[in-house]
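In what comes next, chain A is part of two complexes: it sits with chain B in the first one and with chain C in the second one.
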Partner chain A sequence: MATPGHVSGQALPNRVIPALGLLALALVWLMELGTIQPNRIVPGTGHGLLSAVGWLGAGLVTGALAGAIVLSFLSLRRRYWLLLGVVGLSLALMPLLLDVFALRHLPENAPYARSSIGAGFWCLLFLLSLMLIEILGRLRAGRSLQLMLLVVIATSWLLLLGAEGLESLSLVREFNARPDQFEQALRTHLALAFGAVAISAVVAFLLALKMIRSPGWQRPILGAVSFLQTIPSLAVFGLLIAPLSALSSAFPALQSLGIRGIGWAPAVLALIAYSLLPMVRNTYVAINGVPEHLVDAGRGMGMTERQLFLQVRLPLALPVIIEGVRITTIQAIGLTAVAALIGAGGFGGFIFQGLGEAAMDLVLLGALPTIGLALLADALLTMLAASLRPTPATT
Partner chain B sequence: MIELKNVTRRFGETVAVDNINLTIETGEVCVLVGSSGCGKSTTLRMINRLLSHSDGDILVDGQDITTMNPQKLRLNMGYVIQGTGLFPHWTVARNIAMVPRLLKWPKERIDARVDELMTLLGLDPAIHADKFPQQLSGGQAQRVGVARALAADPNILLMDEPFGAVDAITRENLQLEMLRIQQQVRKTTVFVTHDIDEALRLATRIAVMDQGRIIQHDTPENILRRPASDFVENLVGKQDRGLKLMSLRPVRDLMTAHATPRPPEAGAEGLKEEDNVRLALSVMLWRDLPQLAVINARGEETGFITRDSIIGAGA
Partner chain C sequence: MRVWLPPFLLILLLCGLSLAMPMLEPVFHWMQPDKQSVIYDRDSFLFLLQNHLMLVGISAAVGTVAAVAGGIIATRRSGRDFLPLISQVASIGQTFPPVAVLALAVPVLGFGEAPILVALILYGLLPILRNTLAGIEGINPAVREAGLGMGMSPLQVLVRVELPLAGRVILAGIRTSVTINIATAAIGSTVGARTLGDPVIAGLVNGNTAYVLQGAILIGLLALTADSLFEALERTWERKVSPTATVA
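What follows is the complex of A and B.
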């Protein structure tokens, strides 16, 4: 794969990594790495990099970033692999910073004291991730390498966060205060988001088929699902309360199923309504976009319409359909957080509870897993779509 | 045998194919030629019922095709289209195996058949079987298209401008390949093209079409010698006909045979018996020779052909 252009491209100095590295250096020194709070509500005292982790820690952070910047200027053949090592290792070991910070600053015998993560840490995490993405792009890393890195970094974080020193971390505190609730929220969140996506995938598939079979239905169906998409999400949740309450009081049998004006029922309905547009449009465009000459060839060779659909149209449309599922899933995971407002549960519950109690760490306990779930779903579905695409032409 | 009797096809008010009669004998290559929109593709697509005919009868081996199951009918007709129509999500082998799989052949038989066909079309199974169509050159993809059409050994081959989208050199190679394969398998073939040279080269008989009608249906030689109308005369190229006729005639026809075949002289370049006379003349003009040796398939010199005999024979 080492084309001449590729090699000379590797030898050129990289501009992205030094820029990100310098920015990270500046931010990690200028902003607070963490905060120590005497208890949950009282605002704490912030600590910069040097104060938080001492000369050794600050030196290591600075050294790693400076090393990455210098490496990206050197015209070594293997420099992107070296960079991958430096940046990957830094990312994997980042929780150690918090560990050292807590050990140095947390007062003894103060059971309510907690440490929390500052802006400097988040910036460092974000910029290092961007550098990793740039390096992986330059290396033209395959899916397996990307997946392996992800697993290594995630495992390292889980191990380090589970270790003794980080018990004081406010996020961990919030989690430890309600592990059952967290698990429950995770389960509800996944059930709501994926349940809604699954149902709307089926409905959208049927609607798209209807649009293809009878083109007259195309405008009304697309119009209806576009209209659903334009209503603000909170409004849908609100609007559904009245009719569902009326329904459940008219038919008590529904109540025993848990269908009420608030709770999971309106949440799922609203999520489905939002998911329909991207799903219907992608499915319709995907199936309709299969080149007519291929269908013609299949038909001319003696395929039945059913065989044509299952063996030609559907497999060729699948990557685009999955793209629709990907967009919808990410959107649904985010929206499910809002659905907590009508009592549906999920990670949104922590966010709104935290907002109410002015406990930012509880907000983070809801927000971070939501983001994580969305990123994970994005990565998995992108991989699935890529693996279903026919192999591109190679020279 | 395919028979079209008073066949008409209308699209709304327009008449695409206007009351045509055409008989294609078993094992012959009938080329439908004409400018775009003349109804040649429509005619082809009516034979495998991708389009229905508005009037008249189409018979395949004596049976009216409207009484047959369209899928069954098509499974017995290889179909090759312009731009190959290969499925991009299937490998070359899977593409070729398409009809045998629809016919539920056992796996070993399919694998053997795929290998056989790839070899027949000059594609190495070890190299190409697991490639995807996008990884092939235009000529290779078109060969796979032909292999796919031949896979279940159908009686009839329908080819709709199959070589229209490849470059001139590849097209010529594919045409020669087509002639070679046709000699081996003898399929009843309907071949649509707008390229008269392709038609003259491949056809047993040519049907010239214009505005939905068949203007002339005859052998390439008769089309050249006795064009039925100004349209046909212009199509075959008035001035060029002398040379085009030469290219229809094999060297075998005009050569002076030796009493017994003998080994060729060392270093002497000869013509093959099945090379055409136009090529022979061209070689003689280029190398400024009065005559050339003729070699048969076993590599023996069987005779010679002279410049005078070619000029003397005329068009």
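What follows is the complex of A and C.
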């Protein structure tokens, strides 16, 4: 059925998917899918796949994984699309497993009892995601397909998690206990990370211009910003406390602005310091890397230096500058979580509070959104950079 | 060997300061006159430094072996199928913030040194893996062909041609990995590892700026020392292994 030549690459058996599928099968059967806890702190009793979701659920999970393995061996022309269907649907419906688990095992009339997600579920999620990445790679899927798939899976998760059966899930419980705090943390986290990125973008732009105008500055500026990047975040936060509190006690006006040794002020300063290296380096390389013949062409058309900069150099440099913004943003989102240690707020607050109280679900409530934000920023900025990339006239 | 002078001096400074921190008591007293104790004394600084170094060292060693092995397997003909997935994972994995990875390790593995070590190894693997792939893939195929044409076995081509040529890029990956892990290990003291982050965390909890400063200075120095060591190592590598590729 496969015509030799253009589908031959597709018809070769794929070894990656069976490897991932077998590993997933083994782990999902060997590890605990979920735990039931009588209350927040007491350790719970774990349930394996069969005990957690019964024969039907276990059969469906096994069937989906086995189906994916078998499909990857068949030499069907459309098998990657079929695989995409199987794996995508499994991923989208995964919360149902938790739903069934809670329905089967949660004791009645126990308002503090909660179900939590076990290692088996996380492994299944991870391996299915890897399979999805592999399939999308083989299909050479475009951005739009990837985005659509992501939206479908995310919507399905949100709908299923919002449904009634899952309010016993400990993660949902933790969220429901503090929806306002969560919103506040989200707002603080975004404000800190994006505020720092925005400020450092402006500073980095000026520094990069300085480096281009006077090349003598190149070494000292790059040296200084890479020195800043080397110092661990905890040390930078720590080192900023003493000078900032000295400043604020010397100038009470600063204190009324909220600038103190702890809080948002040292956090933003440290985040800016960290953001400078990727930002300066990328901006400099981007603007400097614009081919000189293109600039000459503009000059020949009678453009002024200002026009040359704004209409030739900057648009051509923009994708690489955005790449710098992407690296910086991801880094800033992660570091903002650490900044919670010096009282800056954000999702890190949940993480460290949870670690302090040994309440693991609170840790998850902080860690998962942080990861989500980083992945989201990565996806959006990659797309932005791709859409700004000029399409070459040749090739 | 002038390149080895800065790391040598920094190592001396780091060890000296870890030993002599209690002697600086008057300075910290002057900074914080209202506190009774101004020198962190729950553990000696030398012990914390040692523990911090051990965590970073083990994770770097295990991570390097695993990542380089993985990179080599994925670039052989028999492992080529896995190459796209592995390189995707290496780049997507790095978007995960290290703190979040550290925090996720605790619910799965519990508190203490072991979960931190696992998190450090897994996270530290990614930059090394990525650079190993980039380094080996970046070699001109003609060079490999030339090696085979000279009658080298595939293993000899790997050991004598590919790895030396990719070495500098791999070394840069290890440097990134160690830099990140020194920072992450410091945060690790919030999940029960005893590292140089301890004085910082203790100081933040008790509002004792002197503790914070002591921890922060030593962590910063440690990071600078490691960085300058790698700088010297990279320079030496450049001169010894690939004398023609002097332009970085």
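The criterion applied here is as follows: the second predicted complex is superposed on the first by the 385 of 395 C-alpha atoms of A that agree within 3 Å, B and C clash if a C-alpha of one lies under 4 Å from a C-alpha of the other, contacts with A are read in each partner's own complex, and residues count from 1 in each chain.
Definition applied: contacts are C-beta pairs under 8 Å (C-beta built on N, C-alpha and C of every residue); 3 or more make two chains touch, one makes a residue touch a chain.
Everything numeric in this text was worked out from a predicted model, so none of it was measured.
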Combined model on chain A where chain B meets chain C, clash or fit: fit
Of chain C and chain B, partner touching more chain A residues: C
For chain A as apex, the angle formed with chain B and chain C - C-alpha centres, to the nearest 10 degrees: 90
Partner chain(s) touched by A:293 [first = chain B, second = chain C, both, neither]: first
Chain B versus chain C as contact partner of A:315, first or second or both or neither: first
Which of chain B and chain C A:366 touches, first, second, both or neither: second
Contacts of A:346 with chain B and chain C, given as first, second, both or neither: neither
Partner chain(s) touched by A:302 [first = chain B, second = chain C, both, neither]: first
Contacts of A:34 with chain B and chain C, given as first, second, both or neither: neither
Minimum Cα separation, chain C to chain B, after superposition on A (Å): 24
Contact set on chain C toward chain A in their complex: 31, 81-82, 84-85, 88-89, 92, 95-100, 103-104, 106-108, 111, 179, 182-183, 186-187, 190-191, 197, 200-201, 203-204, 209, 212-213, 215-217, 219-220, 223-224, 227
Chain C contact footprint on chain A (complex, rising order): 14-16, 19, 119, 122, 130, 133-134, 137-138, 227, 230-239, 241-242, 245, 261-262, 330, 333-335, 337-338, 341-342, 348, 351-352, 354-355, 358, 360-361, 363-364, 366-368, 370-371, 374-375, 378
Complex contacts: residues of chain B adjacent to chain A: 45, 48, 50, 71-75, 77-79, 81-83, 85-89, 98-99, 102, 132, 134-135, 148-149, 158
Residues of chain A that touch chain B when the two form their complex: 293-294, 296-304, 307, 312, 315-316, 390-394
